[in-house]
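Each of the next two complexes has chain A plus one more chain, namely chain B in the first and chain C in the second.
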Partner chain A sequence: MNIAVTTASGIATIAPEGRLTAVAAPQLRQAVQQSIDAGTARIVVDMAGTEFVDSSGLGALIGALKAARLAGGDLRIAAVPEAVRTVLRLTNLDRVLRAHDSAATAFDGD
Partner chain B sequence: MRLLVIRILATLSVLLGVNYVAWRWLESVNWSAWWIAVPLVIAETYSLIDTILFATTMWRAKQRPRPTSPPQGTVDVFITTYNEPIELVMTTAHAAKRIAYPHETWILDDGARPEMEAAARAAGIGYIRRSADWDGKPRHAKAGNLNNALFQTDGEFLLILDADQVPDPLILERTLGYFADDPQVALVQTPQWFSNVDEADPLGSQAPLFYGPIQQGKDGWNAAFFCGSNAVLRRDALMQLGIVGYVRDVEASTRRTLRAAESLLAREAHRRSNEPELRAELSRLRAEVGAARSEIDEGGHIADVTFRVREAVDAASQRLVALDVARMHDDLAELQALPVQRDAELGVVVIDDAALARLAASDLSPLGAVDAVSALLDALRVDRPGEAQPLQPLATISVTEDMATAMQLHSLGWRSVYHHEVLAHGLAPDDLGTMLKQRLRWAQGTMQVLLRDNPLLKRGLSAGQRLMYFGTMWSYLSGFAAVVYLAAPVVYLVLGILPVTAWSVDFFLRFLPYFLVNQVLFVVVARGIRTWRGQQYSLALFPVWIKACVTSFANVVLRTPLDFVVTRKDKVAEGRVPWREIWPQLTAIGMLLLALIIGVGRVVVGTADGTGTLVNTVWVAYDLLALSVIIQAARYRGFGGEPPQEAVDREPSKGTA
Partner chain C sequence: MIDEPRRQRALDELDVVDTPTDERVDRITRLAQELFRVPMVSVTLLDHDRQWRKSEIGLGGREAPRAGSFCDATARLGATNVVPDAAADPAWADSPWVQGDPHLRFYAGHPLEAPGGEHVGTLCILDTEPRELDERQVALLQELAGWVQLELARSRELDGALLVQRALAPQRLPEAPGYELAGASAAAGAISGDFWDIVAHEDDLRVTVADVMGKGTGPAIIAASVRASLRTAPHRDLASSVAEVDRLLEESLSEANVFVTAFHSSLRLETGELEFVDAGHSLAFALRADGSWERLRSTGLPLGMGLGEDRRSASVALEPGDALLCCSDGLLDILDAERPFEHVSRTLAEHGPQGAVEEAVRLARERRAPDDVTVVVVRRSA
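For the complex of A and B:
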């Protein structure tokens, strides 16, 4: 898995590409932690390029949400492909996390 | 063919049992001695239900063929330890490293011992201890140890081994194929077999009836149990459990917190009527919280809602602080005093705005001054602040995490497999005291699951799965029945009081066929396994079963701690006889012997009935034979000889595991 991180106007966009599984989970956690340490705790995970997420991948998202919230920020997910939405639904995680349409608008209104 | 025989015997056994117990209730309760007659007939009804559950278990007993797929996937081998000797753990770790299929081996050291870490590193074996996140949080014993390790590793499958369970090199080759055969399989359990136990097995450590016919029976209903060790689990399934549990917990705690916050805010707003600004903010927040509650009821996303409430709280806090700061500026300007520096050169007060901003920290802000509100809103977090990590994949509702975890996996539609081949050799407790603690813990854990997550009511389980879980829980209620089975013949022999109307031909015609068919079913099912040791302990451990029921009820309902103990596996454990633990059995033995003497004496002097005394003498003899195992166990001084033949279908035991 590849992770691209871009920071603009106080929001970090993290884009995991490929398969977000147990193997890739530490990378995602690390990317989020680095953004927070660099002072940006508002984070969007842009999933447009994410082909597959398993429960471990979702676990990493929850861990990242915890880290962002503890740092006074937030974590949002955006551009979620249908396959990933299915996993969110299956685990009820869609009850907690809203899938925003695009990374650019994920923090609109806040 | 064999299954057909079992089904015929099972059906007969249940029919004859119903015939007998119905007759007992309707025709033969000696109501004039109700205080012993009614408990006895209730105990017999209890046993009949046990028979029905056992018959159901055997109905679909399943001998699985080997998996068809070759082994595949990445694997982490977890060896869990807390206080076992380093040498013992390393023996298991070295064997684990030698497992043929590619894998990574990890020692999960809940004791955080530097010597353990050094030994692991020296052997090139992974070492994991709890992360700092766990400081000051519930540790959840072995479940917590495993949950911690799950987030530091990434294998698709996890082989879990207790510190004393030395694995066979082929353990993964034989089990991984099941996961490829069926992507819904989440668990493959193999037997537990102990190498430090001789043929006599006075402590009843081997459980060949459980790791055999009973697990195969449960497997037939897709309810093969997870037994904590010697099992392979699918990480994705566990993680899914973790996430489902997380969502459930966050939703429940968010609702609870918002509800409490709303009423608290209303009350505080009322109380602070002499502080108009604060009151206004509190009312505004209350409206915000109310809106958040209805949004969640309407299916709004919890992270969004809690984020917005949090922002509203922060904004309110800032506004109040700003107000305070403005006031403070005014005051300071007037007084030219207070904790601020005076610039010597200019002779004016320099107000440190940054320091004042720090005052805005929630505990100093006027809103924070309303302690209760602030604490409550702090709880409005999506990261489960009460737990070390938001995801707890292995169930933490019970001291025996294995049963609870498997039941949750089953309720989510995952499947389990029992693989009937010994692929690890462990060490059983060496002395009676340790064994009693271990049995108590198993029983307590099982009863906790019954009370916290009753399988009969749990959503997502099939009828067969409900009965398989309930059956094991039911068997742990046997202590109460045992007391009655011990007391009834004593009452007859000493006082001549009959719990039944008569020891008549009617009684024997109904009781004997039920009893005999039941025994035959047992023999056929056991297929040459000697089950006597297990039968003995199921009666002889009655104080343990009763204690487990009482303490877990107190724990779940009254929130009393369980006094969780880790089972010792090394030989240095004190070998003293735990007299304080076994006095009920010894008292029972004494009473039974005394009753025998008195009973015979009463026949001799002609004040007792011959048939009744004979029946009760046989009954007492059975009780004594069963209880005698406790004396044998108390005299046991640990294993010194050759291990028994390595086959599951050998040693006796009953399946109350």
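For the complex of A and C:
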């Protein structure tokens, strides 16, 4: 999986492309950890290019959210595919992983 | 020469003879049939004086005498054995396998080795027409035999895990006058990450269904520890029991990206009052006697998220004739996609809780459900 990371105005945007499964989950965790270590704990995971997320991928997102909050920041998700929204809703995880329309606006109003 | 006692011991240690069929091995025989386009394929084990087939296609039975058999010859040879035309081969022309049923003409087999190298059986392909195998096909047969060998050795280890899981499933359901109870689980792979439990505590029944995200041995072990924790100290209120599991998972699994959804409940038998804590499971329903249903929802997060979730219980009443249905998400894959709850209500009305649960397991196996399927039904008698 290809994961692009861009940092601007104190927010890191991480865009996983393709399938976010057990294979790619550690890569996502690593990309998030690197941003946090570099001093940016406000993170947006842009899922516009993410085709599929399984339970391992979901686990990685939650792990990343915990890491970001622990570092005093937060993690938001944007452009979330409908199938992923459904899983988040069913598991009540939409309470903590709020889906925003686009990466650019995910931290608006903070 | 073959050291027969040692060979038999190695086979006994594999602990595979007289076990049920195994999809992982059946898959290979099907593949062999497809690749070689033969009518008969067998994974044969040589057990004392008989051939016992762990998997077979077209032979019509799992047992045959060992003496004078092709597979026994292959094991003795200890190498790939190809008989292109048995009727024209002086060594085989008079064999009862050739002269009589199944009138074999072609045989090709490769020995299966136990972990110590003993030739315990064969993978073989057979035909009633003469055939030749080219070099590439011989290599392919050897390759498939190697794969069977691996699965036979591995099944021991997996079956051990399966045993643990079976031991943890409720052996016997508690007595609950005025209620009918049923529950079952069908694993998508060898082992399930789902579990269910029904235990009695004083005048209450504790009913639990949980689903560990992911498949295989790891999730099954986590499922076992979650069950154990929920069964401990039954006098605790539901929310505390669930909070304890939350802590346990968070401590031991914070780096593993694993989470667990669960429905944990307590049913007061006398009144039908059902108190429950839902941790991101959202798959429990009250099926009313009049055919309507409601989802037992709450907004709790899955367990092991480590986000300091405050666990709270909610409650609902089961009136006479109502039922509690709780399942894992795998059940949704196999139900009528348009009207899943009509499907459930109809099945329940026709077959009762036990029949409905058996029907779910049957569908899961028949449709090769992609995910583990677990379902529990508790019905209050009308």
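Note that in this section the second predicted complex is superposed on the first by the 110 of 110 C-alpha atoms of A that agree within 3 Å, B and C clash if a C-alpha of one lies under 4 Å from a C-alpha of the other, contacts with A are read in each partner's own complex, and residues count from 1 in each chain.
The working rule: a contact is a pair of C-beta atoms (placed from the backbone, for glycine too) under 8 Å apart; a residue touches a chain by one contact, two chains touch by 3 or more.
Just so it is clear, the structure is predicted and the values come from calculations on it, not from any experiment.
> Specify the outcome, clash or fit, for chain B and chain C once both structures are aligned onto chain A.
Clash: chain B and chain C overlap once superposed on chain A.
> Taking the superposition as given, does A:Ala104 touch the first partner, chain B, the second, chain C, both, or neither?
So A:Ala104 meets neither chain B nor chain C here.
> Between chain B (first) and chain C (second), which does A:Val5 come into contact with in this model arrangement: first, second, both, or neither?
Neither partner.
> One more residue to check, A:Gly59. First (chain B), second (chain C), both or neither?
Both partners, chain B and chain C.
> Applying the touch criterion given at the start, work out whether A:Ala25 contacts chain B, chain C, both or neither, answering first, second, both or neither.
After superposing on A, A:Ala25 lies in contact with both chain B and chain C.
> Identify which of chain B and chain C touches the larger number of residues of chain A.
Looking at chain A, the partner in contact with more of its residues is B.
> When the two structures are overlaid on chain A, which partner does A:Leu93 contact: first (chain B), second (chain C), both, or neither?
Both partners.
> Thinking only about the overlay and not a real complex, which stretch of chain B clashes with chain C: 23-31, 401-409 or 563-571?
After superposing on chain A, the clashing stretch of chain B is 401-409.
> Going by the contact definition given at the top, which residues of chain A touch chain B in one complex and chain C in the other?
22, 25, 55-56, 58-59, 62-63, 66, 90-93, 95-96
> Considering only the defined contacts, which chain A positions touch chain B in the complex?
Chain A residues touching chain B: 21-23, 25-26, 54-56, 58-59, 62-63, 65-66, 69-70, 74, 76, 90-98, 110.
> For chain B, which residues count as touching chain A in their complex?
151, 153-156, 235-240, 242-244, 246-248, 250-251, 299, 301-304, 307-308, 311, 381-383, 389-391
> In the complex, go through chain A and note every residue touching chain C.
Touching chain C from chain A are residues 22, 25, 29, 55-56, 58-60, 62-63, 66, 90-93, 95-96.
> Residue numbers of chain C touching chain A in their complex, please.
The contact residues of chain C facing chain A are 213-214, 254-259, 261, 280-282, 298-302, 305-307, 329.
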